[in-house]
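One chain, chain A, appears in both complexes that follow, with chain B as partner in the first and chain C in the second.
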Partner chain A sequence: MIAFITRRLLLGVMTVWLISILSFVIIQLPPGDFVDAYIAQLSSSGSQVSAAEAENLRKLYGLGEPFYVQYGKWLARIVTGDFGESMEWRRPVTEVIGDRLWLTLLLSLSALLVTWGLALPIGIFSAVRQYSFADYAFTLVGFIGIAVPNFLLALVIMYFSFVWFGASVGGLFSAEMALAPWGWDKVWDLMKHLPLPAVILALGGTAQLIRIMRANLLDELRRPYVVTARAKGLSEFRTIVKYPVRAALNPFASNIAYLFPYLVSGSIIVSIVLGLPTVGPLLVKALVAQDMFLAGTIVLLLGVMTVVGTFISDLVLMWVDPRIRHQMD
Partner chain B sequence: MAEPILSVRDLKTQFFGPEGVVRAVDGVDFDVFEGRTLGVVGESGCGKSVTARSVLGIVDRPGRVVGGSILLRPAGGGAAVDLAKLSNEEMRKYRGPEIALVFQEPMASFSQHYTIGNQIGEGIKLHLGLDERAAKKRAIELLDMVGVPQPARRVDDYPFQLSGGLRQRVMIAMALSCDPRVLIADEPTTALDVTTQAQILDLLRSLQQQKGLAIILITHDMGVIAEMAHDVSVMYLGRAVETGSVKEIFTAPRHPYTRALLRSIPTVLAKPRTRLPTIEGSIPHPFERPKGCAYHPRCAEIIGPVCEKFEPPAVNTADGRQVRCFLHGGAPAQEVAA
Partner chain C sequence: MAQIDSEKYAVATQLQLTWWRFRRHRLAMVSMVLLFACYLLAAFADFLATTDPHATDARTSYIAPQGIHLFDDDGSLRPHVYGIKGVRDMKTFKLIYTIDPSRKVYIEFFGQGYEYDLFGLIPTRVHLMTLKDAERGDGIYLLGTDLLGRDLWSRLMVATRVSLTIGLVGVTISLFLGVLLGGISAVYGGIVDTVIQRTIEVIRSMPTIPLWLGLAAALPNDWSVLQIYFAITIIISLLAWTDLARVVRGKFLALKEEDFVMAAELAGASQGRIIFRHMLPSFASHIIAAVSLALPAMIISETSLSFLGLGLRPPAISWGILLQDAQNIQTLALAPWLLISAIPVVVVILAFNFLGDGLRDAADPYG
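Up next, the complex of A and B:
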């Protein structure tokens, strides 16, 4: 088992390395070297870069040298935590992403919890009471949830909360708190703003997971081991929760891998609509403005999140399913 | 003979599907006695397994026991309890400590997510009120009793780590975990190879002698019946067409279906290159149950129109057997609507 985990970790590092090459290619993609682009961008916004400064930058990133030397220099700087400078913001990339990363993770995890908290019980209920009125009702709501894009839902909710309550629901902070330094007041403010975007982000995934849970559980409910459990005299509730539900959890575990990056990239439009200070909108802006260090860094970040998600998902699967645990020995 | 532990009378179980009602069990009678084995035999789909599940009240929806009685006599004597009248909640305390089931597919009948110790111990904790440690100790004893080697180590294994024969032994240990008085074995050896089959049957027989178990052995294998059963009930389309002691039924079968079944057992004494007799046709579709005696379209000894129009009643013959066939009497009292 330890050998398996080590192997997975090494593979993960390999994958991250490959992703870093991809990120670097993205940085290199615009015509000309990026110092040209940088100078052009700066001059368009009215400031000047001296020739000496430009020369320094070229030397720093090894421009003019072969591709692998440039990549090596870039990678060496990343390892020390220097992700370069955002051209648009004229600040280090780490500073630009800064809080946004943690807010994104917080929002994503909240959305994930809402998704599971709703999808698991509803899916179980729908399967156990198949073809009941409630099952049909959840199915209908579920399909609407799948069909309606999240951002549309966000717009509708914003519209009605403004018309009915006169409240603006955008953002993760109230206006006076957005720039305030971190403190208990700010955390409390965040807690008040978090639920709505989390629920909006969660709904699409919830609808999907309800369908998955229902279908899986319907399969499992017909298996002979469920009859065995009943024949032991277990109560119906215990029979269902201990045996078929446990077996139907596997897809939830393997789903984790895709959820992490999805919650970041899949939520871009919602984040823009709701004005959320997350990483998603930043990536879009960086790509539009050809802010290459910023874009490359975010792509690298998404890649790392996918790899970490896959790793976590492997660990959870091992925990959930003893067959997987024993196959590895 | 002593009072039976379990008497089933006119048991009827029906499935209410969207296409109509299937009468899976349609008036089954049998008695099970302490220390004796009742063999229930018949082709696939004749209602053997549904009968077993009906007795425990665990028929899957949309199926339901719709009639008849399942009388269980309490261990200390006293009035019999009609299990068919109990609610699901009341029935739970009989599943395991009174009547237990051994299933056909030991692989599919265990959950792969828990150790066998966990799955055996569950019923022990529930019905006998033992704690975790005592339940595990008892599980190890049970595994030892059914001949699982190194039980103290095996108890922490998962079902997928065991061979088919071992799994069936564990299944038997699980069924016996709360000392039931009636054991229903639903095709317990069908999924096993012949050597393992013989071992499992031996195990069941010796456990029966030790504990005085009443066993209901469901099978389609006449060989298993001949080896194991004291009494036999032959089922066809949800009914017991002939019931009697194993010796009588094998030496002098009365019902044409029983005769046909016995003729179709291969024997080493047969002349080489003769064809094995088979029963003509196949079991009718459950929605197209024949009018009259359900067996008449395939019957080689059909009498005439009476078989096509009337359902033969159960007739008790002089030697204590029960047969449903006009060849052995019975007035065509009630005409059966199709």
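Up next, the complex of A and C:
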């Protein structure tokens, strides 16, 4: 059990490390060094940067030194919470990102809950009532869920809600609440707006999970112990839920580790279509404007968030599945 | 299996068995034919286009789709469309161009249109349909036009070619990486296997879209359309080979224990011969299935990136770029036909999924 946690923790650290390198590469990639870009940006907006200041900045970020030294200096500053300054907004990156990171997390977690909440009962139902009308209907919906990229789904839903109800469905807050300080009213407003984007985001993953759950449960239902349980006179509900469902849950739970990165990823593009105040639109804008500190930081934070989320889901998996808990002992 | 007699069944090759089994999967068969048709369409994209997909004209901005009228007034078969006319909007005094049903423009088959290279090789001007005696702004506009007055049908044809081939190129790269690394992982085992497997796990637990976006945004602005095309393909494949590598490794490890591999080893076959002559044929169908399931993911990736404006860039045309025009609700309310580009995306992805499912079922002909 300790071995499992350690292994997963190491893997998480490795991933974060790799993501940090990639984020730094992203910051570095545009032609010229970023102090040049920074100075150009500042002078185009009217303010002057003296040669001494530029030299200071260069020294601060170790420009002109080998890649690993620059990376090291950047990392050292990150660890102390200094992510640099956004060139476009002229404010510290952390300030620009603000609540957006938490809203991204909230959206992804809600989508995860929706995925579980829908996939589990539908998967069980489809397996138990195999080849019934509802099974076929769910399979069809599932295939559409897989085939329609979630940003397309968001577009189509936006269009039809506009045509039928004349209202826009975008955003996470109503107009008057968007800038209001946090309070119960704002939380309630958020709760009202959250379900639609969460469901749109969740549909693709749900469709896949339903199919996995259905296939796993079908395998389990054919096993002799199910016949034994039934012959023993157990009620149908207990026969199914008590043993086969628990056994079928295992690969289902291990898939969650890949579901979370998928959802975080998807939230970027869905947010852009629906105009949600998550880090998604900010990232794309930053990349287009080559505001590299902001972009790199967002990629890094999303990566860290994903790794932490995945680690937590691993712990959940361990809690659900005794085989993993005892495997290592 | 009734129509195939048992003797034929017993001596059939792996490929024949797979094919017989695959044929029974109706949906997969239909999907295969459909996809074949799509690739055929893509090969003749310019021939099927009716107007130059890059040509802009302020007069033809947001013309609604119009069908082809087959019969003339006297009942004779003379396919035609209507011309366009300018109407002064009395509120804004702007000149607005709309369809003018009083003026017919006849369609000519195999007529001369804009110049293009058939299959990228043969310069020609022949198109399936062109207009005879057209005035400026007249067009067939089967799917309407966009803001800049470009014909959506012609653009969709060219976009289909780009998006479908980007999937193929990307999958080829992923397949190469996947088979190579998956194979190495399985054959050598030990520390090499551990390193490759951990790398796969690390890549799989990263949120892909932000990384793609970051890497794609860093591509230099002065690159040509073709360079960007290949760079995007490589970026997508670099994160997409992991599934294929897992399939290859799993199959390799399973087959290693099979009796026929042991037999070949005892007969003194070289390792290369065992891998390519004995093992590869028996999991080739699994790889094909994995590839056909990886293709739609590739296509979605390209579409998403281009949709966000960080994938292929205009003047390139792909499904993502077409959908980019349909991004905001104001535009959609004005020109809902822009959303038509979403239909081929969904149909092709669905077809690839069915095909992949059919192939996966057929890949185990003895199962």
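Following the convention adopted for this analysis, the second predicted complex is superposed on the first by the 309 of 329 C-alpha atoms of A that agree within 3 Å, B and C clash if a C-alpha of one lies under 4 Å from a C-alpha of the other, contacts with A are read in each partner's own complex, and residues count from 1 in each chain.
Going forward, a contact is a pair of C-beta atoms (placed from the backbone, for glycine too) under 8 Å apart; a residue touches a chain by one contact, two chains touch by 3 or more.
Values in this document were obtained by computation on a predicted structure and should not be read as measured data.
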| item | value |
| --- | --- |
| Contacts of A:D135 with chain B and chain C, given as first, second, both or neither | neither |
| Partner chain(s) touched by A:E53 [first = chain B, second = chain C, both, neither] | neither |
| Which of chain B and chain C A:F151 touches, first, second, both or neither | second |
| Shared chain A contacts, counted only where both chain B and chain C touch the same residue | none |
| Contact footprint of chain A on chain C as seen in their complex | 198, 201-202, 204-211, 213-215, 217-218, 220, 296, 300, 303-304, 307-310, 323, 326-327, 329, 332-333, 336, 339, 342, 345-346, 349-350, 353-354 |
| Contact footprint of chain A on chain B as seen in their complex | 53, 56, 58, 60, 88-89, 92-97, 100-101, 103-105, 108-114, 122-123, 126-127, 158, 160-161, 174 |
| List of chain A residues in touch with chain B within their complex | 222-225, 227-236, 242-243, 246-247, 320-323, 326 |
| Interfacial residue positions of chain A with respect to chain C in the complex | 11-12, 14-15, 18-19, 22-23, 26, 29-31, 143-144, 146-149, 151-152, 155-156, 158-159, 162-163, 168, 170, 257-258, 261-262, 264-266, 268-269, 272-273, 283-284, 287-288, 290, 295-296, 298-299, 302-303, 306-307, 310 |
